[in-house]
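Here's the structure we're looking at; comments come further down.
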């Protein structure tokens, strides 16, 4: 192979890696179509979109940089309270709230990133968990600001762009969340396919080699941790704005634990895992809770156990098979 | 010839044990220099001191006359000290193309570009293609590294170090664990490294040492026992003794 | 004399890396074998494969007429293989006595007998494993393996990094074990000549293959053969 | 008992599924969305209310004002976000005419905007923070408010020679309500009050009780959510506070009928002010308790149950009054001023505040036969929520 | 003040008995078992049922709690835990959370969701005073039992052959196996013992921590704190960590009630930052 021919091949190969797979297009078309297909399910769809964004945020650090966290709710909560408080006391504009929630969470992520750069996975799990629990207690004790255990009441949101009002059917809410999810997904997709994203995967695969290749590991990890925090903050802001209510629950342990389940169900490290996991988890939970409102936890638990014991291959195999159904487009594109 | 990488009176102690004991060493430009010694002689510690994994207890490391003793691992890589590992340290879920692209992108300072498209960076692509061709990885560039044969993985290990465009390349037992069938190709790779790269070879395999090395340093108990041309060192009585253990006096 | 250990067509390594290729050897009851070769040729891998802590890819290991190729390390130890690992790996939170009793199996070797063999250990009975000097650790590692009352002893570089006086003490002990006790053993040693004087036979590994196998005495008589494989000259 | 209860539950779930199935065709059905914490730490609240709601429907039939009432039960696990989402879904998808349940204050508060937006009555059957009914003009309460139950305690305490009181309350809306209303009233009367608040999620009362023990007050005023009262009582006695002469007073939550019997003798002697006791001496109550225990063997109805029972009755009565017109404004109008003899005594829905007006009883926990009961010995008739009454 | 210290010690003691099994299994097999609390809950419920349904005295039900949980430990270890050892920590976390969920919902289904209450024998009720320090009989009893257990465990771990084999396996499982120590069997036994102790702790803790189906979730974090802060290679580490946690928690609530649970979480984060391997861990090999 002559040099220029090889360069062409390299270029094509790199392009192929970031090119849109038909299954991806189908996924988003379906997401858009859900808007028309399930007009009575906007509320749960909205929750799914928010959970998906939250899971996407965890995927950025777990799937792409190998940082485990059992306290990601810290950033969700930070975003939710920031957006909620901004709406209550400063401006009811949703986009301002979204930006503010992302900014405060990113800042928190940056500040706490030194805590997660050391130690084993286990200490990391405990430290992230501890940070989230501390924030829970802080939010609880700042009752004059946050409403404490009663939750932050009295948030009313202005219409988006001054035109689209949040309605009781959740139509605007879902559209808003879905759009934010899609845009942030596009950005994430771009980032993980950039040199920066590649260096993160390198760190995840092998820190020793990454450092030996000139990658400043701690800085990169801090950067992605803050970015991931911003994404979680966005999810929190969406949650606060579309439900117009924030409770301490956003900091709670089960948020982080559920999130982990979601990502594990969908599979980490390819961006769609969190989205698929969110859909599966919410519908599963909703379905089980409908037929047994008191004991849904048992079935979720059983599902988890079976999933880890061998069901994972089945589910991920099914996803792969589904994706493989779509014809691969020619190399010309 | 001039020295590229030098150490001056390098000492490293762990607790009461002196792993590197007053080592003054010099790697000439374009050298093929072998570092040998029995188990526990302190070769690994020495390499870790050169690459910045460890900080010396005392002494200095310098690269083309500049002191790099206090620099981090990444900073040394940027200055031109790259290494391979005795046990493969690869990005196993990536393809060779991705792994080389990563190193190239870092070298070109693209690492913090969040929105750059990899396939839009002509300079990086040209360099990546060059490395792939040089290490004969074109045909397998799109396969997952973890699925490749061990010999190929070894080759990628060297290619990845080389992709950082080092002036000094430390090869730690490049052929270790490679089956006979894939060995020849690997050795050809080592032979084909360009002359302007200075190579420090940590090896036990005498075949490889005699084939490549123009100079040998023998490390025993953290100290330099002797240094010289291969043929001379091979005849050295003290070295023989260190390796074969005749009498018990030093 | 009957055959105690037989290895045929053995290939093994760690993870993806393959270190041993098609190794064969045989050892009779009561005989000792020196395992020689330069650094990184697979000596330790061979010993570790015999005890069962590496990844075996092919081949058969027969010990005392039983195929132990797929047996767990515990089963091999119980079958009568005593292992002195390369890094000694003394259990650091156990005292000297505990290191011995924790692995003890019934037989003539007892703590008292180990202490008779290594009086230094007796003085440090209640010290923790990580408070011992290198030489003491090595003695303890050997004593610990003996407490299993093995039929075969695997010694991985027993003299590495030790002061000459300790080395002499250890070699004397090994000599007693091999010659007087008639314990079968495989010894890895970098200092070929020292160990050849103690062992009956020897094999030399190079790049994971057996390249030389002969009586120890014969090798001692012909240093050039040894040097070709072990010294600093090109092999090919 | 549990197995039978489980079977019953299974049956109910089946019935629920059937009713859901035929919901589409029934024009004459009025749906009530019942949102309760059925799992999690406040599950007992949900179970009591659910049982009482079912009891009411079983007793008085499902048809009122020509419409058939149909209950859709949902579990919000005590999580406000879930409550709100479920409420919204019930309104949008299931087209419920009434929302009911709400085990905790945050859950009720989170749902208030939905009720307002959808113009649907929200019947609060449990949550007891005073301000809830102000969150939406569509909220009606059939439980009680903590100031309503706590202020009478201040009067009783002061007139029974108690001068210094230490308050221990759970640190959330109802607890703070109880603390402030009691403390203000008691201080106004001339007493002194010291206060400490216990976090909602708290495994051990020892440190808080120790402070009380050192302060040596005349009485300890306590509010903890129903359910953890037993633990509190035991530790109160274990710490020897009873022997030190500290009287235990408070609203009735701590000696909840549901768990009172399990507390053992430690509970004896506690003086509480509350709106309901399973031992309330009236024919209506005896019938209620008997029917409840028959349907739920081994479970004694508590004040949550009576809130649920009356809440369901309120819906039925309103529907009757509107002749089956289930529009929200009409129903709310019909509910205002509704009044009847409840198992707890006479009650009225205050037309001005939509909060409940009821008798508050002073009770002492005593042993009757082998069982513990709260025996009422004084009545403060027709108490309005004092917070709103002052406005 | 001293009374509070005493209370904190009792609380810490129970935490230790509850968590020590988790710490040993974590150290030995590097297995993160978040479902440990489920065994504690089992012990608690066994006690409650025996006392309420069969009228057994409190003391007699304690060994039963231990045995039931230990038995459950053996069975579950054999049936479902074995395949998990080789999996990643994350998988283990997911798996054991699944088990917790099942235990929580299953218990709720069988026995209802309410707080369980037991009647202590009369001689364990109340308190006495020594130099003005109020000492509860039950807490004293708990300290006595748990103290004895701690001493017995320390003795068993430090002085018996079982203990030395166990320590050897924790130190270096590979070499231990190569020297004939049956690591898997040791682990199964330890797992059973740890589960049994959790069951006993659950029984003893009914009075101090309460018992309802959410118990394993509520206290999971506490157990993990004890184990991560105390390290996994000794008995004394988790013991001191549990005492520290118990005392800090109780004292914190006493001295600054408004800070609530904040103190222990902050303490945990700080300790883990200072000593990522655990407060009392030895240097890694």
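Order of writing sets the chain letters: A, B, C, D and E. Residues in each chain are counted from 1.
Simple rule for what comes next: a contact is a pair of C-beta atoms (placed from the backbone, for glycine too) under 8 Å apart; a residue touches a chain by one contact, two chains touch by 3 or more.
Keep in mind that what you see is a predicted model, and the values were worked out from it rather than measured.
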What chain groups remain joined by touching if chain A is not counted?
-> one piece
Of all other chains, the one whose Cα centre sits farthest from chain B = D
Which chain's mean C-alpha position is the greatest distance from chain A's?
-> C
Just curious, how far off is chain E from chain A if you go by their C-alpha centres, in Å?
-> 34
How many Å are there between the centre of chain B and the centre of chain D, using C-alpha atoms for each centre?
-> 75
Using mean CA coordinates as chain centres, what's the chain A-chain C distance in Å?
-> 55
At what distance in angstrom does the C-alpha mean of chain E lie from that of chain C?
-> 43
Please set out, as single numbers or ranges, the residues of chain A touching at least two other chains.
-> 140, 294-297
Using the touch rule from the top of the page, what residues of chain B touch 2 or more other chains?
-> none
What are all the touching pairs of chains?
-> A-B, A-D, A-E, B-C, C-E, D-E
Complex contacts: residues of chain B adjacent to chain A | 51, 72-74, 77-78, 82-83, 85, 89-95, 97-99, 101-103, 105-107, 110-119, 121, 124-126, 128-130, 132-133, 138, 141-142, 160-161, 163-164
Partner chain C, residues of chain B touching it in the complex = 36, 38-40, 87-88, 150, 153, 173, 176-177, 179-180, 204-207, 209-211, 216, 230, 233-234, 236, 239-240, 243-246, 248-249
Contact footprint of chain D on chain A as seen in their complex = 40-44, 47, 140, 143, 148-151, 153, 168-170, 239, 243-245, 247, 249-250, 289, 291-297
Contact residues on chain C for chain B in the complex?
-> 13, 16-19, 21, 38-41, 157, 160-161, 164, 167-168, 189-194, 207, 226-227, 230-236
Chain E partner contacts - residues on chain C that touch it in the complex | 51-53, 72-74, 76-78, 82-83, 85, 89, 91-94, 98-99, 101-103, 105, 144-145, 148
